[in-house]
Structures are given as C-alpha cells and as structure tokens.
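Shared between the two complexes below is chain A, which pairs with chain B and chain C, respectively.
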Partner chain A sequence: MDVKTNKVRPRRHNQEMLPTSLMLLPSTLLLIVCSIYPFVWIFRYVCYNYNGFTATYTGTKNLERLVKDKQFWQSVGTTFEYAGLKLLFIIPLALLLAVMLHMRMKGHNLQRGILFMPTVIATSISGMIFAFIFATQNGILNAILQNLHLIKTPVKWLTSTDYVMAAVTILAVWGGLGNYMLYFITGLDGVSEDCYESAKIDGANGFKTFFFVTLPMLAPVLKTVLMLAITSAFKDYEAIMVLSKGGPGNRSMVMFLYIYNTIFGTANSSTQPQIGYGALLSVAAALIVGCVTVIYLFVSRKLDHITE
Partner chain B sequence: MNQSHAVYSKQARLVRALIWLLVSFFCVLMVFPILYIILGSFKTNQELLVGGTSLLPSTWVLDNYTQAWKQANFATYTLNSIFLALGVMALSVLTSTMTGYVFSRKDFRGKKLLYSLFIAFMFINVGSISLRPLFELAVALKLNKSLFSVIFISAGTGQATYIFLAKGFTDSLPRELDEAARIDGCSFFQIYRLIIAPLLKPVIATIALLSFRQGWNEYILPLVFTMTNDKMRPLTVGVNMLKNAGDGTAAWNIMFAGATIAIVPMLLVYAFFSRYFMGGMASGAVKG
Partner chain C sequence: MKRLNKTVAAVLAVSMAAALTACGGSDTANGATGTAATSASNAASGSETQAVTTTAQSDETVAEGKTLINVWTEDRHDQDYVQQMIDQYNQENTDNIQIKLTVITEDYKNMISLAYNGGTAPDVVGANGLPLNQFADTGILIPLNDYIDADQTYQTVNEPYTHAYEGRNYQNGQLYFVFSGMRSGVRVEYNEDLLEKSGYTEIPDNLTDYVAMAQKITDDGAGSYYGIGFTSSSPFERLLEMSAEISGVYYYDYINGKFDFSGYKPFVEKGQELVAAAYPDQQGVDNMRALFTEQSFALWSNASQEAGVFTSQLPITDFDWGVAAIPSLDGEIKGALETSPTKAYGIISTSQNQDAAWKVIAYFQSEDFLKGYLENGYCLPITDYMTSKIDSSKTGRLADFSKLDYEDVYPAVPSVNLQGDDYRTVLWNAVMGYVDVDEAIEDLNTRYNDALDSDVASGSVKRLVIKDYDPLHPSAGTAEYLSE
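Entry: the complex of A and B
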C-alpha cells in the first residue's frame, strides 16, 4: 500500500480492533471447536483404554496392540490397493475425457454437465444405488452382462472376495471422475492456443500434440490434481461403508473404515467402542497419509528437476 | 462452438465423430445409475425383486412414495435434510465472507498464524475420531437434541475452502471502493455490509451451492449424532438405516423411493446452477 494509508493505519488499527475481531469470531470459534479441540483431544486418550464411560491408563498397551494388530495393517494394505486402483483408472479417464471435451464439439457443455453430475450426489446414497446395481440375483448389472452373453452365471460382486474391490473401484471412479475431469478442463483452458497452432504448423498429429504439447503444458495442473487425488483416495471410506461394509471377510476394509468401526462399533455387533485405541489408530492413519503426501511431493519435485 | 467454421478433412471428421460417440457413451454410463434409481422408484416391489434389464417400469406405481412418506418417516427426514442443508449454507456464507473480507483488507497481529491454522487444518485429517469429542461436547452443552450441533460442525469442517474463495474474490475488488466509502463515513463493518457483500454475489452463489450440497449430503456426521434419535435423521442416514434394518431385500421399493427423494432435489439444484458448481470447483482447485 502507499505511504498515506501507512501513516493513518496506527490510529485506525486501534479504533477498529473491536469490529475486526467480532467479524473474525465466528469462523475462529468454529476452527477452534471443530478442528483444533478434537485434534488435541485425541492425544489425551492415546494411552488410555476408554469405552465412552470410564478411561483407564494402560501405558504402552495400545501401541503394542497396534504393532500386532494384523487386521489394521491388512486394512492399511487394502487402502493402498484401493487408492492405487482408483487413481489408475480415474486420472487417465478424467484426462482423456477432458481432452475430448476440450475439442468443443456439438453439445460439449451438456456432456460436461452430465459427466459432472454424479459428484453432486451424496456418496452414501450412491453407495446404496450401486449396492442395488451390483446385487447378485436381481441386480441390473448382472442381468445386462448375462443378456450380452459376457457372463454365464451371475457375478457375486459384493459377496465374493475376488470381485468386491472391482465393485468398490467402479463406484469410486463413477463418483469422482467428474471432479478430476473438471480440474483438467480448467487446466486445458489455461493452455495458450498458440502452442496448438505451432504444433499444427509443424505437422504434429493428434497423439503427438497430446504427448508433446498438451501433457507438458498440463504438468503443473496434473501435479496438483494428483496430490488432491492421492490424499482424498486415502481418506475415502463413506461409500465403501455403505456399499460393502468392508466385507466380505474384511476384503474391502480400508483403514478409516476400520477405525470408524473401532470407535463407534458396527451396526450389528455388540462390541464395546474402543476409543483410546481408535485414537491411536487415527494418529497412525494420519501419519501414513502424511508420509504418502510427503513422498509424493518429494518425487514430483525430483521429476521437475529431471524434466528441466 | 468457435471451431464450427473450421474445415476438416474427411478422415478428421470421422475421428471427431468417433470421439463424440465415445464421450456420449461415457455420458450414458455416468447417468445410468441415476436413471436406474429414479425410474426404479416407480416399479412395484415385485418387479424390483425379480430384476431384469429394463430401466422403465412395466407398470408405473406411486405407491412406493406414499409408503415411504407415511410408514418410513420420510417426511421428517426430508424436513431435517432441508433444515441441515440451509443451516450449513447460511452459516458458511456468513462466516466465510466476513472472514475473507477481514483477511483481504486488514492487517493485525497474528494474521499469518491464524491464516496458516486455517490452511493446516484443511489438510490435517484424523477421520471419524474427531466426532467423538465433538459428540461429548454437544452432550455436555445439551446441544445433541437438535440438528444445530450438526450444522455447526459441518460448517466448521468445511469453512476453510469457502474462506479462501471469499478472500480471493475480495482481493480482486478495488480498494478504492473502500476508501471512497470511508470518506463517505462508512465504518469497517458498514463497508462490508453495504459495499463489499453486494459485490461478492457471484462468489456467494458458489459458496452457497457448495455448502448446501455439503449439508444435504452429509452422512457420517449426522449418523453418529443421531444414533439413538430417529426423529433427527436426515435423508442420507434415514435411507441407509432402512437398508441395514434387517430384512434386506424386502423393502427395495421404499429404499428406491427414499434414495430418489434424497438425490432429486440436489439434481434439480444442480440442473439450474451447474455453472456455479463447476466454476466453484475449478477456482477452488486452481487456488488450492
């Protein structure tokens, strides 16, 4: 700012402290209550056995249990599997659709609107819709596949350990594709037309243009989108909770769902909530997500140096 | 559209046609589950339980809706969902525009710290455990008997993104406006209320829609807070409770109707305001 406002500021500063703080109060209060307080609260109970009524100090027992908790580490593995599968399909598909929509053919606005539509639906409801679609006996997917003679007997999408991850991935891709597609379209809008123009003059075909012009120009956007995609894929559990409940036999149990079940119990079991242990698991899970993020940032920075 | 005048060779035209068909095929795949659930809600339970490949009902019935409305408490769930979504929307718009304005126009001690705290807690995510202390707090404050606690928490966990949107937009408004208003005798708050807030309309629309969607689609938070209280459940929780309620396949028709009630209002809002939805998502990504 210029000199004049600088001179006046000290006086105004004092005068307007009250309205300024009053205007900041609601959001700051929400931040403290909804984010900071729970975060601090967790650390109070990591060394306790707490069932919601009584808390007893157990020292390092929770930690020992965590190390030996096969089910938890299995769920960590499943989380990586789920995130890998989701990213493997959603990122290339989203990029492909974005590039195709960017050609601005007839009705591209409507097409974009339709492709984005699933993202406005609650994940809990879409999980339920897909539970109907994937139903073994009367589900519409099996009926269609049988009609097309692609399968002979109904596929047990949700009740067989072989197929449940495929079902979960299909739902994840369906629910998230529109978001990532939109990010890529925004990125493509930012690429200058001149680049395409000169590529055309140099005689590049569609594929060459994509790999030597579009992709490098999109690199910064791609990096951000990948980062978003990775962190959100590791945190997903709402849709899985509704679609398969982590089953069959924990095959689709991701870590945040396992943690939810530890803290709040599953709908049909009478096990006591284990909040202290759940708190420790949450810290572990947050650290795992943090590590993955840091590794990703490190790798993507390294790649930057190479391409430069 | 602006390429419609371009001249393409025969081969290029064929490629473009194929690409157009491919995109349309994806559109069909994306819209299929939505059509399936909406059209399915007019089928008889008999037809749903037999299955088959037909999207359209063989006989159209409205009975599923009257059943859901009367027997399964969906009137209450719907009202709760509306209340929850509107509450989150109002609170989010209010806090984010005020905070965005202050962050954009004021320097004060601890501004950087506060700002980085908002950012930090956007990324620190400990999952569902944070609902436990918040639930205990709500019980202690006797707030667990209404959906207000759910509204506060939903708005609180989602506000950071909206604050950045509002701050970014306020930054783009010329400061000369503030100066002029100040000369005319406006106070700091009056500048916000009379000058800035009206100019924020586009970003307010975006924040309102995104936070409305957030409130309407909230699931695990109200699930935990309404564990023992059926009267407080929004649609997302109510419909899924029906699915878990034991006899499984029996009430497919009511669940189809319930799921339709839960998604159609959101789809209508989207149909009318899709521009703001997509604009908001895009600008959020670019800045984040």
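Entry: the complex of A and C
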C-alpha cells in the first residue's frame, strides 16, 4: 500500500508543478530582465567615469567621493525627514478614513472613490497641479488661508526653506492616502464580526473596540502596509522633482532625486553626466533602503503574532 | 439605491479614465497661476518643457533606384518649413536621393548613441548641441573638411572656417559640423507701458540703475505688478551670468587653464537686490512668459527665441514691448556676450552613403534653403553672406535681436565630472540667500578645480589653455590642450 502511494505522489507533484512553473515563468523573466539584470549592470560602472559614451577607469575614486559627498549625505538626511513626515501623517489618516468608511455610512462608496482618485493621477501631473496650489502669488492654498484669516501675508510654500518640506509632505500624503486606505479597508473586511459582537457584549465602547479589537486584528495588514509605505517613502522623488526640483537651496533634495540629477539632470557645457558615480550612489541608496526595511522587519516581527 | 451606486461608479470610472487620458497625452502644458493660466496652456505647443518624437512621412516608401538618407533632428519648431523643403527636394533632385526626416526631442544624444551602437544610426544628424568629446572623440561623427574644401559655393554661403569654434564644432583642425544660424545672447524684454508709468523710457546700461528701476516699478505696482520676474529654470544664466560676461567675468580662466568663480560676488549681490524687487514666484519659463504677457512684471530677460514666443506663441497685444541690451556691472563692455550657434548637421561614420549625406547637408545649408528659413524667423543668420541676402523686414521682431558687435562664441570649457551642484545652481542659491556668497565661491573653485585636476589626471579630459585669450573676442585665441 505504501509503495503504491510513493509511486503516485511524485507524478501528482510534477503535474502540479508544471502549470505553476509556466504561470511563474513570464513574471520571473520580466523580473530578471527589468530588475535583476539592470541592478547587476550598474556594478560594471561603479569604478568608472562613464558619460554614456566613454568610460574611464578610476579605481576607488568614486567610493572616496561617496564618502566625502556632503550633498549626498544631506539628501539621505532629507529622505529620512521626508519619509518620517509622510509616514507620520499618511498611516494614521489612512487608518482613520478606512475605519470611518468601513462603518458603511451613507455614500461611503462615493467617498472611497473620491479619496482613491489621487492615486491614479500621474505623480508628475499632481506635482504640476500642486505647483499652482502652492504658488505664493495667486496660489489657491494661500487664498484660502487668507480668506479664513489664518495668515496675513502669503506663505512662500515653494521658495522658502522653512515651508517646502511641509508642501512636499502634503503632496505625498494627498497622493498616497487612497492607496493605504484601501489596504486598510480590505484588512478591516477580514476582521470577523464575532469579535465586535463579543466586545459589545463585554461592554466595550467605540474607542476601546478600536484599540483592543480592530487595531490588534489589523496587525498583520498594518505590518505589510507600513513596510510598503516605508519603502515607497524612501524611493519617492518624481513629485518632488516637478514641485520643487529639490530646492530651494536643496532643502527638499531627496536621495533618489540627487541620484537622478547626477546621472541625467545637471549636465551642461561644463559638467558631464556621471553614470558611473550615479551607479555607485544607486547601490548605496539600495543598501540604505534595504537596511531600513530589515530593521523595520526585525522591530515589527511581533505584529505577525499579535492575534495568536 | 443600487442604480444610484452604479451611476456614481460609472461617473467615477469615467472621471478616472479622463484623468488618465489627460496624463497620457504628449502635451505637458504648464499654466501659470491666476489669469495667466489659460495663456500658458495655449503656449504649450511651443513650450520648452515639451518632448516628442515624430517621424515625418513614416509611411513613405523609397522609390526604386533612389538612395534613402535618414536625417535625425531635435528641432521641432521649424519642422513645417524643413519638411516642405525636403518634399520639394525629394521630387526635384537629380541625384536620386530621398530624404527621410525624423524629429526626436527627447533624450536626443542618447538616442543617437544607442542607434550608433546598435547599427541603426541615421546618415545625417542635426548637430546643434552635440558635444565633440562625446561625438567626435568616439568616432561617431566624421570630419567634413574634405567635403567643405571641395565645395566653393558652400564655403561662400556658410563661411565655415570663420565660424569654426574651438571645442564646439572644431577640434584639432577638423570641422565636424558647420553652423548656419544663431540664437542671440540674452536681451532684456520689457513692458514699455509699465516702465513709462514709473518714468522710464529705456533700459539702463549698468546693474545698479537696473536694480533701482526694478525696485521703483515694484513699489509703484503696490502688489498688482512687479519690476522683474525670474524663472525657476536656470535663472542665473538668464541675466546675471550674462551681465558678468559683458563685464569681463567668466567662470573659466582660459589663460591659466582653471575654473575661477571669484568675479561673481558683485553680481550675486546685485541679484539679491533684484530678487527683493521681483515677482514672488519663480515658475517654469513658459509660466513666467505668460505672466509677463499678463503684465504681472515689467522686466524679463531671455534670448532671441522670445521674438517668436511674444509674437505667435503668446502674442502680446495689450501693451508695447521693447528689447534692449542687458546691463553690465558699471556700464562698460569688457567682455563678449555669449551667443549660441545653431542649425548644424553632421554625418554619422556608419553611413553607407556619406557622399549623398553630404549632398543633403549642402542642400540644407544652401542659399535658397537658408533664405526662406531665416526670413521665416526660425533663427538669426550667423554669416555675413546670408545676413546680406535676407530681407530682415520679413523676420519680424527677430530683427530686434540682431547680433551686437560684442557678441561671440566662447570656446568649450572642459566638461568635468563634478561632485554636487553646478555653478549656476550654487550661485543662484547664493542670490536667494540659501548659502553665503563667499562660501559658495570658495566651494565652487574647490570642487570644479578638483574635478578638473582629477579628470585630467585620469585622462578623461584635457586642460584647455588659450594664452592669447581676449575676453572681448573669446573665439579668436589659439587653443592648447594639456594633459597635466
């Protein structure tokens, strides 16, 4: 009997593996071609001055430059600041909106659609839209604030080093809120009604239900959402590039925008595109984002077991 | 209720689709705030921010026995005229040549490089801004000396050796392309009506008076209009750097072969005073142009492309506008104002039909072709010959940007692997007060010269020295390239 079973299992196993492998093949190929190969490709040039046409071997000079590159390390600091500000607002707001919409209030589908809309607008377009909103002269935001008597003189949202981080954070929160809200709503849909009924029987009010039932039950989703939010916040640069170009005075220069400028952006008659050095910066940036993710996964490992 | 939900869902879906469609279009119209927004949107068709790739006559088939010459260009603004002339040539030429024009305005240099490496490069490329260190040193472009020397008519019309500019189109005695037009140096474009309201009729010749004028107009405007406007796109280059040039200050010391930014301090300080009198926002070029047409500020500065912008793209009809020379530091002209030579063509070394390719270039730079081109106002003539041949009354406001006797082309400065921001960004940051001007200049001198020394040592560039350099005639010196 045992012998018979052993003969059948590998065949069934093989039969199951084939369609699985075939289904995985296109995405695996795409991953190799579009992600893994380019990442390996950049290693070719980390020791070169490469302008897209000629490559000159420079040994460890790019590495020495990286260590001394104050502007890059400043941009790393700005990236942490930007990511911190974005996460500080976007996660609680997305969670709050998800909980409110999950209450199935009147018109919740319409509200969900409206809140999700910014997510489908291209970041470059939203960057341009917000350039009008944040304009000092005739800007919509300043007009509203002045009409509400909250400010007396127009705020220089994009030309003052004091306010530009607030401006890029508002844009980032506006653009990403709907996405995270949707993840949380999906998570909330998975929470059993029994838990809420039990809490009700035990006399828990809305506040207690949220903190002692909803939030713990959402922990695994929260862990994933936070990880996605952290990695995307560290990689954001497109909207900032359109909105403030990393200025004023590099105040909003984030890591990946600096890398973009190094490779493509600032070359003029007296400077060269620096693909080699940019490649090394990309590796450094990937390591930084990787380290942050690993630290987060280590810190957040308890969230997996919170409902057990 | 369900029907209502479906309706709402349908409306949302349509809205999203519309938003996506808007995002996916090729137009990237930059509006300005307030009343200028509409004008700016309309202006997008010729904006500096657009980028498209179009193949003219993509469905064209090559007639039997004809030699197809593929031409790539990044110039889109003149496509109608050029295509019309190509159509005429394709029908009438007796050399059995057929030209196919492709306009590529996005990532042009890399597209040529990729095509060259992939064996699909065209025969002829528009070479307006192709750097020689990338296209000549690598063998992508061939020297044209032999063709030029054998063509007397071409030499008469284009004066190739008079307009051979070191490091731009000429290197080691070889000419890789020849310019047949130019964009003027920067001028001040001003709103005559707003100037008159403040008691001015002309632009001062020195920066101190220019600053005072901008401040007076801003004060008189009392918030409804301002003295001057600056763009966020390379603002230092569009006035202060050029003012420094004509005051004898340049960022590269050609005599000693090193970078030197120490002369920029007074210009940064004047810039700080100008910014205090300026329109509060610094937006993209098209937005600021639109705001100028809406009389939001009185003084704007840019090169000869503004002639077309303010007559057809964003036509100014509500006020009179004038064009004047930019002010120098003290009113004296001590250096040349930089002009940009343009409208050049080169032959790619992989072309199998180089002789036919030269015939196409000779046609593009023939008197007949250029006369119509220049009279249409696409650019200014660079040669005395063509200047004498065109009817300048047909060029409209472009005539206001005619070449000044102190305009010239500067030799190409060594292109270095710079760490951090370039000088235009840093000096503008100093103008805006984000960094101290002395620290900025010291930082630039250090970073640029370190990069130059390092690149010369690694062999990726050579140090340019012009011992007989004359700031009023920068293109006239004798260039030396040093390896140390």
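Following the convention adopted for this analysis, the second predicted complex is superposed on the first by the 263 of 308 C-alpha atoms of A that agree within 3 Å, B and C clash if a C-alpha of one lies under 4 Å from a C-alpha of the other, contacts with A are read in each partner's own complex, and residues count from 1 in each chain.
Everything below uses one rule, namely that a residue touches a chain if its C-beta (ideal position, glycine included) is under 8 Å from a C-beta of that chain, and two chains touch if they have at least 3 such contacts.
The model shown is predicted, which means the values in this text are computed figures rather than measured ones.
> Quick one: on chain A, after the overlay, do chain B and chain C clash, or do they fit? Just give me the call.
In the superposition, chain B runs into chain C.
> Have a look and say if chain B or chain C is in touch with more residues of chain A.
B
> Now for A:250: first (chain B), second (chain C), both, or neither, which partner does it touch?
After superposing on A, A:250 lies in contact with chain C but is clear of chain B.
> Please work out whether A:121 is in contact with chain B alone, chain C alone, both, or neither, and reply first, second, both or neither.
It touches chain B and chain C both.
> State whether A:92 touches chain B only (first), chain C only (second), both chains, or neither.
neither
> Identify the partner contact of A:156: answer first if only chain B is touched, second if only chain C is, both if each is, neither if none is.
A:156: touches chain C, not chain B.
> After lining up the shared chain so the two structures overlap, which partner does A:113 touch, if you call chain B first and chain C second: first, second, both or neither?
The answer is both, since A:113 touches chain B and chain C.
> Looking at A:137 after the superposition, I want to know if it touches chain B, chain C, both of them or none. Which is it: first, second, both, neither?
both
> Running through the overlay: 135-143, 171-179, 189-197 or 279-287 are the candidate stretches of chain C; which one clashes with chain B?
279-287
> For chain A, which residues belong to both interfaces, chain B and chain C?
Residues common to the chain A contacts of chain C and of chain B are 113-114, 117, 120-122, 124-125, 128, 131-132, 135, 137-139, 268, listed in rising order.
> Across the complex, what residues on chain B touch chain A?
1-3, 15-16, 19-20, 22-24, 26-27, 29-31, 33-34, 36-37, 40, 48-53, 55, 91, 94-96, 98-99, 101-102, 106-108, 114, 117-118, 121, 123-134, 137, 152-153, 155-157, 159, 163, 187-189, 192, 213, 216-220, 224, 227, 236-237, 239-240, 243-244, 249, 252, 255-256, 259, 262-263, 266-267, 269-270, 274, 277-278, 281-282, 285-286, 288
> What does chain C use to touch chain A in their complex?
Those in contact with chain A are residues 5, 8-9, 12, 15-16, 19-20, 22-23, 28, 30-31, 33-34, 37, 109-110, 113, 131, 133-135, 137-138, 140, 232, 251-252, 259, 279-283, 296, 412-425, 429, 432, 434-435, 448, 454-455, 458-460.
> Looking at the complex, which residues from chain A come into contact with chain C?
49, 51-54, 56-58, 61, 65, 68-71, 109-110, 113-114, 117, 120-122, 124-125, 128, 131-132, 135-139, 154, 156, 158-159, 161, 245, 247-251, 266, 268-272, 274, 277
> With touch defined as at the start, can you tell me which chain A residues reach chain B in the complex?
9, 13, 16-17, 19-20, 22-24, 26-28, 30-31, 33-39, 41-42, 97, 100-101, 103-106, 108, 111-118, 120-126, 128-133, 135, 137-140, 142-144, 147, 174, 177-179, 182-183, 185-186, 206, 224-225, 228, 231, 235, 237-238, 241-242, 256, 259-260, 263-264, 267-268, 275, 278-279, 282-283, 285-286, 289, 293
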